[in-house]
Amino acid sequence: MTLALRTSGLGKHFGGVRAVTGVSLALPRGARHAIIGPNGAGKTTLINLLTGMLPPSEGEVYLGEDRVTRLRADQRVKRGLARTFQINNLFPDFTVMQCMLLAVCEQRGAAIDPWRHVARRSAEMMAARDVLRLLRLDSAENTVVRELAYGDQRLVEIALALACKPRVLLLDEPAAGVPKGESQALFRAIADLPGDVTVLFVEHDMDIVFRFAHRITVLVSGAILTEGPPEQIARDPVVKQVYLGDRA
Amino acid sequence: MSAALGAPRIPRLPWREIVFWVVLATGFWLWPKHLALASQVLIAGLFTLSYDLILGYSGILSLGHAAYFGLGAYAAGLLAQRGWGEPLSGLLAAGACAGFAGFLTGFLVVRGQDLTRLMVTTAIGLLLFELANKLSSVTGGVDGLLGIEMKPLLGVFRFDIYGRTAYGYCLAVTFLLFLGVRRIVHSPFGWSLRGMRDNPGRMLALGYPVSRRLIAVYTLAAAIAGISGALLAQTTQFVSIDVFSFGRSADVMVMLIVGGAGVLYGGLVGAAVFTLAYHYLSALNPVYWQFWLGAFLIAIVLMGRGGVLGAWTRVVNTLREWRGEAAAQP
Amino acid sequence: MIASLLGVLFDGLAYGMLLFLVGVGLSVTLGLMNFVNLAHGAFGMLGGYLCVLAMARWNIPFLAALPLAFVVSALVGLLFERLLFRRLYRRSHLDQVLLTIGLTFMAIAAATFAFGPQQQAMQLPEYLSGQLNVVGVDLNIYRVFLLALGAVLVVALTLVVERTRFGAAVRAAVDNARVAEALGIRVGLVFQIALAAGCGLAGLGGALGVEVLGLDPLFPLKYMVYFLLVVAVGGTTTLKGPLYAALLLGVADVAGKYYIPQAGAFIIYAVMVILLIVRPQGLVSRS
C-alpha cells in the first residue's frame, strides 16, 4: 500500500541554524495526523518544506508514488497537495464565490480560458457550491470576504484548499485566531472532511488535536521527539516536560 | 480598484458602452476639424488599455511599456519605408514583433517584487532608447524616419490630409482590440489575473503557475502596445526615437491612473483627458506643464485614487443613495 | 595594458562609490519603511546645484560647500518626510511611485527654470586637480579624493550601524518594525533620522559628483535606473550589498565604455540581466 505522504530525512538549515533535521513522516491514505511542538520547533519551516515554498537542504518528499522534492509549490498542488494558512490568506475584495471559482477553474483546467465569460462556467460554479455546502458556507456565497466573520474566513481557507481536490490536505493551525464561539463550525468542518483525503494538521490547540488526530508527531527544535497515538503522547513524561518546562 | 461584484452574472446589454462607441463613430461629423487629434487620443487610449492589462489587472509595476510601443512603431515604420506600405499587414507584423519582444523580456519582469520590476522595465525602455539612438542610421535618430508612405487601407481608403481614413482606421482597430480585451478581462483567465495581482502567494498555493500566466498577459500587452505604436507610425507617417522615451512610459502610467486602473474604460478616458490637456496646455510652456503635472500627480495620490472613473462612480453612488438604490459597481 | 586596466578599475571604483553614496538612501527607505522613493535622485541634484551655487555666487570653498550640501539635503529630506512621505508608508508601491515621480517632475521643472537646461560646470580647487603618478599609473587626484572620502564614509556608516545603539535600532527596525516598536524603539524617529541621513548623503554625493556624473535638470531621471539597480541587486537589509552592487556597476560601466565604446552603454544592462538570472534575490541577501 503506497503512503499518501512520505518524507525521509527531511532537513533545512539556514547558515548555522538547523531549523528542521531528519524528519521522516509516513502518512497512509485517509490518515488524520497532527504535528505538535512548542514555539520555534520548526513547524512552519516543515510546512514550507512540504508545500514547496522552501527547498530542503537534505531529504526527500513523496506524494503517493511521486517524488516531489524538486517540484515548485504550484506543481505539488497539481499532484494533490493543498494547504491552508495560519493567518487568513484570502482575497479580501472578492466574494466567496469568486475566490472559490479561482480555485475550481484552475483545478479543472478552465483558468486558461480567455474567452468565455466567467458567469457562463456553470459546471465550475456547481463544483464550487458543492464544496461550500460541505462547509455550510453556501449562504455566504455572495459575501465579500472582508465582511465575513473571522471564523467563517477560516472556513473559506479550508474550502479553497478542498476546491483543489487534494489527496493530502495540510491544515496550518486551523483554529488560530478563531474565537471560542465560532469554533463549533470549525470542528464540524474538520469532522466532515472526506474520508479518503489524508489530513495533516499543525496545531497548538490541544482540543482539536485530541479530538481529531489518530496519530501525533511531536516536533522539538526541528527534530521528531516522539510519535504515536494520542493516549500515548498524552501520558508521555518527556512530552510533558517539553511543554511544561524542566521541573527536576 | 474593487473587484467585488455580486455572483458573476450573465451581463445584460451594456447601453452606456454602446453609446460611448457610437459617439466616437460620429466623430467624423462631431469634430471634423480635429480628426488628427482624435486619432492621437485613440492611439494613446489603446496604448493605455494595454498598460491596464499589466498594471491594473495584473499588478505589474512597469515604467518601460514604451519599449513595446516603440518597437511596434519602428516595425511598421521601417516596413513602410522599405516599400511595404500595406497598412493591415504592417500592423499585424508590428504587433507580432512587439509581442515577441514582450515574451522574451517577460521572464525577467515577472520574477521579483515591485522594485525589481520597476528597475527591469525602466532598464528595458532605456536600453531600447539607447539602441535606437546608436543605430540612428537605421532609425533616423532624433530626427526620425522619413519616407514612410502608406498604401490605401483595404486597397480603397487613401490616407487623406484631413485624417478621415486615419481616424476611421484608428477607431476600428481600437474598437476591435477593446472588444477582445473586454472578453479576456471577464474570462476565467482575466479573473485569475486579478487574483495574481491581489495575492500571488495564495494563487501559487492554489496550483497556478503564476509566472507563466503573467508572461502570457505581458506578451499580449506588449503586442497591443506594438499595434498602437504602429498606428502612430502609419497615421502620422513619422517615427522618431522618442517613441521609446521614459517620458512616454511615465505618461502612460499617469493616463491610466487619471482614468482609473483596472476598470477597462479607465485607459481610454484617462488617455483622452491627458492627451487633450497636453495638447491645449503644454504649448503654453513645457516647463510649466511638467511642474503642474507633477503637482497634479501628488494631489491625485494624496486625495485617493480611482481616477476620473472612480470619481464618477462616487458621484453616481451618491446620487443613487439619494434615490435609495444600491450602489453601482465600477 | 595593465596600466590601463588599473586605471579603468580605479575610475570605475570612484564612479561606483559615488553611485553608492547617492543611492544608499534609497536602500534605507525601502528597507526600513518599504517606501519606494523614485525622487531620491532629486536630493542628489539638490546637493549638486547647491554646491555649484555656493562656490560660484557665495564664494564658499569646495570643502566647505560639501557639508553644506549634506546638511541642506538632509533637512529638506526631513521636511518632505514629515509633510508627504509619512502618509504613504501604508499605501501601495504604485501610489508611492506616482507621488515620487510627481515630485521628480516638479524638481526637474524647478531646476530647469532656475538654472537652465545646460550641464553645470564646476571649478575644482587647485589641490584636487591634476594627476598623481602611482606605480607608473596616472591617477586622477580628484578620483583619489573621491575614493578616500567614500571609504571614510563607508567605514563611518558601518561603525554607526554595527556599533552604536542607533545602528542597532535601525537594524531591529529593518528586521521587524512591529516588534521593534513593541520593544520601545521609536521606529518613526529612527526612520526620520535614517531618511535624513540618506538624503544628506545623496546631496553630498551629488555635489561630489558634478565633476564625474555631470549635473543638469535631468539628473534624477538619468540616474534613476542606476540607483534602482544598486538597490534591487544589492538588497535592502545590509550596507555591504548596495556597496558591492554600486562598485560592480561602476567598474562594469567604465570598463564597458572604455574597452567597447560602441556597445559600452549596454554593458550595465547585460550585467543587470545576468545578475537577475543568477541571483534573483539580490547579491547579498538575508535568508
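As written, the chains take the letters A, B and C, and residue 1 is the first residue of each chain.
As a working rule, contacts are C-beta pairs under 8 Å (C-beta built on N, C-alpha and C of every residue); 3 or more make two chains touch, one makes a residue touch a chain.
Every value quoted in this text rests on a predicted model; they were computed, and no experiment measured them.
> Hey, which chain is the most central one here, using CA centres?
Of all chains shown, the one whose C-alpha centroid lies nearest the global centroid is B.
> Taking mean CA positions as centres, which chain lies farthest from subunit A?
C
> Starting from the mean Cα coordinates of subunit B and subunit C, work out the distance between those two points in Å.
Each chain reduced to its C-alpha mean, subunit B and subunit C end up 33 Å apart.
> From the C-alpha centre of subunit A to that of subunit C, how far is it in Å?
Going by mean C-alpha positions, subunit A sits 45 Å from subunit C.
> With centres defined as the mean C-alpha position, give me the subunit A-subunit B separation in Å.
The mean C-alpha positions of subunit A and subunit B differ by 42 Å.
> Report the residues of subunit B in contact with subunit A in the complex, numbered from low to high.
Those in contact with subunit A are residues 1-11, 183-184, 186-192, 194-195, 198-199, 201-210, 213.
> In their complex, what parts of subunit C are in touch with subunit B?
Listed in rising order, the residues are 30, 36, 38, 84, 87-88, 91, 93-95, 97-99, 101-110, 112-113, 221, 224-225, 228-229, 231-232, 262, 265-266, 269, 272-273, 276-277, 280.
> What residues on subunit B touch subunit C, complex-wise?
55, 61, 63, 108, 111-112, 114-116, 118-120, 122-124, 126-127, 130-131, 134, 246, 250, 253-254, 257, 287-288, 290-291, 293-298, 300-302, 305
> Would you tell me which residues of subunit A are touching subunit B in their complex?
Against subunit B, the touching part of subunit A is residues 51, 72-75, 77-78, 82-83, 85, 89-95, 97-98, 101-103, 105-107, 110-121, 124-125, 141-142, 144, 160, 163-164.
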